[in-house]
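Structures are listed in the sections that come next.
Below are two complexes that have chain A in common, paired first with chain B and then with chain C.
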Partner chain A sequence: MFSQLASSLTDGLLLGFVYGVAAMGLTLIWGVMSVINLAHGPVIALGMFATYLMFTLLGVNPYLALVPVAFFGLLMGFVIYGVAVHRVINAPHLSSLLATFAVNMIIIGLGTAIFSTSPQNIDFPLGSLEIGFLTIPVTRLLATAGAVLFTAALYLFLYFTRTGKAVRAVANNRRAAELMGIPSSLVLALSFGLGTMLAAVAGGLIATFFPFTILSGGPYELKSFVICVLGGLGNPLGALLGGLILGGLEGLIPTFMPVSWVPVVEFGLFVLVLLVKPSGLLGAK
Partner chain B sequence: MNLLEINDLASGYEGVQILWGVNLRLEKGKLTTLVGSNGVGKTTLLSTAMGLLRPWQGNVTFAGQDVTHLSAHARAQAGMVLVPEGRQLFTEMTVYENLEMGAFSRRSQATFKQNLEKVFDLFPRLKERFRQKAGTLSGGEQQMVAVARGLMAEPEVLILDELSLGLSPLLALTLFESLTRLKKTGLTMLLVEQNVSMALAVSDYAYVLAEGRVHLEGPARDLLKNDEVRRTYLGI
Partner chain C sequence: MKFWRQTGFWLPLVLVFLWGGAVLVLRQDTIRETAFTVLMFMALASSLNILLGYTGYVSFGHIVFFGLGGYTGFYLLSEQGWPLYLAAVGGGALSGLIALLVGLAVLRLRGAYFALATIGINEAARAFVSNFGPFGGATGMFVNFSAYEKYGGAGQALWTTFTFLWITTLVVLVVSYLVKHSRFGLGLQAIREDEDAAMVMGVHAPRAKTITYVISAFFPGIIGTLYFFKNGNVEPGDAFQLHMSIEMLVMVMLGGMGTVLGPMVGATAYQGLRGYLLTSPIFKDLHLAVAGLILLLIILFVPAGAVGWVRGRIPALRKVLE
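Coming up: the complex of A and B.
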């Protein structure tokens, strides 16, 4: 019983890191420009397919494929920002919600036409690792390592580079940033690109151990919302913490009750946090 | 020589006209003051001059170049630097990071270290606080960070909006003293102030704005003796 519990928890926590990366993408965009990106899920799905296509068509190792997938995600973000978000950036929130939702529908429509909705998977088995009584699939471990790597890279970028600091400055006070000579529109485009990059990378990581369709991004987008609210919207560290909590719950819950209860508990928790501490666990202000 | 010229400038917000053809000149190396009561359009004038607000008519030239259609960040890159009203610091970032962001423009990067020393020399207190989040500082310290951040940009012209607002008289005095020190270095400044007596005392030239127009202008010394100015703004 105990060993089963421990391995479910480990499984869940490892998955939680990947959830954290997806949620960080969402929370970064919100934190910098107060836009809720409803195209987040489809970009996650595109990350899955980009990894899949590179693996099946070109034979690229799915973990190495993450590098081009990250660039692809960044590029997607620039395009989405330029086409749909920039012109409504100062408009009321409803406009950017509708604009990103439109992008969501376009990606899903095109994706369904091209890939159909039959499930795909990346057949790249790596076996499992036995650590004491724990049995951990290697794909999960590598996905966690990838997630930690991207999180660390994001942190280093935001806190130790000039451009990263400019991103934080624009998030903090766009007008003042503009007055200091920071081209804030470019910074917004870059931040949006980084947000979608994280989404695409999370998608690529998930694709290495779960089957997926073009619609698979939806549930992860919802999870990202729950995680962001749990951790405090706009706070990347909170997103990671929220991801671990959600992953841990998903690991543990099925050992006590039917799996179909997972979303009930997750969204119950979501409502509870909104009621008790709407700013999230690590939310400031 | 005029470093900054504002010609016949009109602007406002969403159909409400605030400025009605303002003319203003900043002579290089001089400290100019703009005074006026609340709501006469001082901040609107600065926002329009800096490119945060589109002008309805008129133009702005800086160092002989027409900058009327440049974005705010491009003007900052060119050396027009505004220390905005209410400080507008990056409150979630450290004092040092605020100064780094002040020096974001390319023109200020080569001289970053010298400017940092200059700024710490001018405001020694910031040196003790430089790892602290700017939002946790006191009002006076925050105003010092705001001025310091502006100076880090290596400005050709430094525009200070309501420098002394909400500060104790002693702190205001300290800040005005640092302005006179900056003036000695040859920096061109425009000061927008509600503390009229202090502002006129340190300035070379002054403008009085009323109802969106320049109502009076002249050497600061003369305006200090002007009866109307004394009655309306100095309460004497």
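Coming up: the complex of A and C.
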């Protein structure tokens, strides 16, 4: 019993790191510009396909492919921000929600036409590692390492570079930041790009161990909402914690009740946290 | 102001009345199916508009009331043998009750937090119903064929369902107009502009919002029952589609939120467009992308929607296009 619990918990936690990266992208965008990016899921899916195409067509190692995928994600973010978000950044929430949803429809529509909806997978087995009674697939371990690496890089960027400080300043108070001479439109575009970059990277990491279609981003987008709310919308560190909690729950719940109850618990928890403590588990009172 | 003397009150009603009446007279199955879909979305978008357009609260998971009401009505009808109209009202009543309970808690949230919570409620409801034994779990329920016999066979039952839907749509439009032009509706619009200021001026915001939420949840419950009875089966995947929920929002935006006529225009235009894109040889693979592009252009450049735009440009029409 104990060994079974421990192994499903490890499994869940390792996955949780990757969830955390996806959610961090969403929460970063929310924190800086109060926009909920409904195109998050499709960008995750595009990250999956970018990794897949580089692996199958060019034979690039999927983990090395993460670097170009990250750049691609950043670029996607600039484009989405410029085309869809910039004009409605000060409009009521409904406008930015629907504008990003329109982008979602465009990407899914084009993606379905190009890739169809039959499942693909990256055939890059690395075996698994045995530690005591635990058996951990190496792909999961590498994905976790990748997730930690990108989180650390984001942290260093936000706290120790001038541009990162500008991002935080705009998140704090856009008008005051503008008065200090920070070009807020550029910073907003960059923040959006960073958010979609994290989404694309998370997609690339997920693609190394789960099969996917162009529609696969949807469930991860919903999970990202849950995670962001658990950790507090706008709080990147909270997103990582929320990801671990969600991953842990997904690992543990199936040992106690049927798997199909997992979403009931997840979304129940989500609504509960929103009602009781909308600032998230790490948030101030 | 006597509402029955206003052109703005009669215009949407007369349009829907004539159209539904024409369909009933022509009695062709294909026309009825098209009209059913459009009327359904008209009624759904209009009931969403009562919450979204008048109070400004963005319910992203409004389809949950369509699903839960539809499931309940379907259960009452197929398993308990209730007559269709009673079952439909039962479905609506359950949706309203759930909206009351959920609303008391969730309506304290504002802006994007409220929108996120409604998505969560929809997903939680979908996951719960997928595991709920009496509602058939993940496979859903099928209609008991004896249920059709009361209405003179399956073919006749579809016409009865259509007539019910037609009447429901008319009722939704009347309610939408009355809410907008009542003292209560003025309070809601004050909440939309500035909730804190409205409360200072004496609008009992929590109560007004909850009542509105219940009204806008009641009708989707009825419509859900009719829709699933027409289909003959109900399953969690069909009942709680987040996508459909967003389509409702799109229709409201397209026509113009906060207007009675807007959701009607939006639903007709959206369904017409979708029908065209799905059948056109050039766009049929890209219909979703094209629809997305059109939506984006509207959000960016005509945020008031079609009816709102016309009202803004031609003041003389403001009395007519409510």
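FYI, the second predicted complex is superposed on the first by the 284 of 285 C-alpha atoms of A that agree within 3 Å, B and C clash if a C-alpha of one lies under 4 Å from a C-alpha of the other, contacts with A are read in each partner's own complex, and residues count from 1 in each chain.
As a convention for this text, a contact is a pair of C-beta atoms (placed from the backbone, for glycine too) under 8 Å apart; a residue touches a chain by one contact, two chains touch by 3 or more.
What you are looking at is a predicted structure, and each value in this text was computed from that prediction instead of being measured.
Contacts of A:105 after superposition: chain C is touched, whereas chain B is not reached.
By the touch criterion defined above, A:58 lies against neither chain B nor chain C after alignment on the C-alpha atoms of chain A. Contacts of A:1 after superposition: neither chain B nor chain C is touched.
Of the two partner chains placed by the overlay, only chain C lies in contact with A:113; chain B stays clear of it.
After overlaying the two complexes on the shared chain, residue contacts for A:169 are found with chain B alone; chain C is out of touch.
When the two complexes are overlaid, the chain among chain B and chain C that reaches more residues of chain A is C.
In the overlay built on the shared chain, the residue A:94 is in contact with chain C alone; chain B does not reach it. Of the two partner chains, chain B is the only one that A:180 touches; chain C does not reach it.
Looking at chain A, you'll find no residue that touches chain B in one structure and chain C in the other.
Within the complex formed with chain C, the residues of chain A that make contact are 30, 34, 36, 83-84, 87-88, 91-95, 97-99, 101-106, 108-110, 112-113, 222, 225-226, 229, 233, 258, 260-264, 266-268, 270-271, 274-275, 278.
Contact residues of chain C toward chain A in the complex are 52, 56, 58, 60, 105-106, 108-109, 111-113, 115-117, 119-121, 123-124, 126-128, 130-131, 138, 246, 249-250, 253, 257, 285-293, 295-296, 299-300, 303.
Looking at the complex, you find that chain A touches chain B at residues 162, 165-166, 168-169, 171-173, 175-184. In the complex of the two chains, the chain B residues touching chain A come out as 50, 52, 71-74, 76-77, 81-82, 84, 88-93, 97, 100-102, 104-105, 149, 153.
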